[in-house]
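Letters A, B, C and D mark the chains as written, and numbering starts fresh at 1 in each.
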Amino acid sequence: MEHLTEIKIRGYHADFYGHVNNARYLEFFEEDRWAQFESKIDLRKWAEKGLIFLVVNINVNYRRAVPVGETVLVTTKLEKIGNRSVVLKQEILLKESREVAADALITFVISDRSGKAVSMDGEIRTEVEKLQ
Amino acid sequence: MEHLTEIKIRGYHADFYGHVNNARYLEFFEEDRWAQFESKIDLRKWAEKGLIFLVVNINVNYRRAVPVGETVLVTTKLEKIGNRSVVLKQEILLKESREVAADALITFVISDRSGKAVSMDGEIRTEVEKLQ
Amino acid sequence: MEHLTEIKIRGYHADFYGHVNNARYLEFFEEDRWAQFESKIDLRKWAEKGLIFLVVNINVNYRRAVPVGETVLVTTKLEKIGNRSVVLKQEILLKESREVAADALITFVISDRSGKAVSMDGEIRTEVEKLQ
Amino acid sequence: MEHLTEIKIRGYHADFYGHVNNARYLEFFEEDRWAQFESKIDLRKWAEKGLIFLVVNINVNYRRAVPVGETVLVTTKLEKIGNRSVVLKQEILLKESREVAADALITFVISDRSGKAVSMDGEIRTEVEKLQ
């Protein structure tokens, strides 16, 4: 399967206006982030070291309403590795037409047990690069 | 205020069919359970003893669709104290007409650190009776 | 695929107590109801006739907490056809052990344009029996 | 009341990591947008003219985790009126310390029956300015 996350839009995903609600889109993005992370990096090892992912910014464009009954695909790509943060680019695509329904830049840091954002160096950088 | 929980129904509470979604009603019930518990019993003391509430059954009747823009009230009453379980009766009322939009029986147990449901005796029973 | 609905439990499905929240379970059940309906009956034809499904009662047992990382399957079976209502039996199973995490009886009516529950006769009964 | 939206954080608002989930924050922001709109402009008149609000971008900073039990306030201010779009600035504040837990810029357009974003002129601009 080319895409890890494929979701058929149901009535309970949409709000009163017949659109998939803004908040629900964030769940779709989160679903694919976890699916990608699980498939590419060893989350158990990270948890043992007390490292957790903390989203610090989400910048999302809602480009096209998704009707109930449509199927969407979610994609996640590594956009940029900063000194202490990582940016992912995510898209929600209509499966048939491949039109973009929404896209987002998601910035996260990796926090250690002291609550500090760690540097994107050495082993951590190598792991994060696997998200490519 | 007579009711602890008063919620104005917004477009994001309703699904595509213009009804407040089944799952959302459970959040409204949960909101009032916490509000009632907080106002009547010392949850901090319970947590220190390692006691937690575990819902084991919800039996909910959806009686009337709630339109967007309507305001609802949530009520919670102690229905029955069993040997190792407690039943609450909850209702969601249309604020103006006081018609019942949904009602539910919620059965919960109080679980200790070993994961066992404790008996509704002594101090625990006294505390639970405060939910009246 | 034996089951239409298979869900990997993520951190965002669980609440503060590490359990999949009560309300979220109802979404899992709803997801499989739609998947089953779509695979067995012609929902478009129903919509054209102005017929909609209205859930009137949910009676759900929460039997076992589902940890994050576990995968669950959802099942839906026709339990009973009444005069003007239908009861489905649904289960959420841990994929590996096949233990039941939750089960529910879902009672729905089929409402026509006038808002009345239709009789389970003739063509409608034949359609509903396909849910077997 | 100085703030229209005040929310006590419950266990069901938080995810497995003990943080209020990203998607839930968007619901808090949406709640206050509706509360502000209702208190300041005549939404019924807008609906009669076939005008609806469509969020096209959300840029949200998650600045501080909100623990269960804490109470938050939500604020909404008019940031900028563009040619065919409006930007609101929203904040989620810890009630006691007034620290910012999250802030967001929300860009929306007003769409007419043809699906086009209308110009921020005349009566529409006057109405939008009431959001100040």
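Remarks
Quick note on the criterion: contacts are C-beta pairs under 8 Å (C-beta built on N, C-alpha and C of every residue); 3 or more make two chains touch, one makes a residue touch a chain.
Quantities reported herein were computed from a predicted structural model and do not represent experimental measurements.
Comparing chain pairs B-D and C-D by the number of C-beta pairs in contact, the larger count belongs to C-D.
When you average the Cα atoms of each chain and compare centres, the chain farthest from chain D turns out to be C.
Between chain B and chain D the centroid-to-centroid distance comes to 28 Å (mean Cα coordinates, whole Å).
One simple way to say how far apart two chains are is to compare their mean CA positions; for chain C and chain D this gives 34 Å. Counting only residues that touch two or more partner chains, chain A has 11-12, 17, 23, 27, 30.
By the touch criterion given at the top, residues 17, 22-24, 26-27, 30, 52, 54-63 of chain D touch chain A in their complex.
Here chain D touches chain B in the complex through residues 8, 10-12, 27, 30-31, 34-35, going by the rule given at the top. Against chain B, in their complex, chain A makes its touches with residues 11-12, 14-18, 21, 23, 68.
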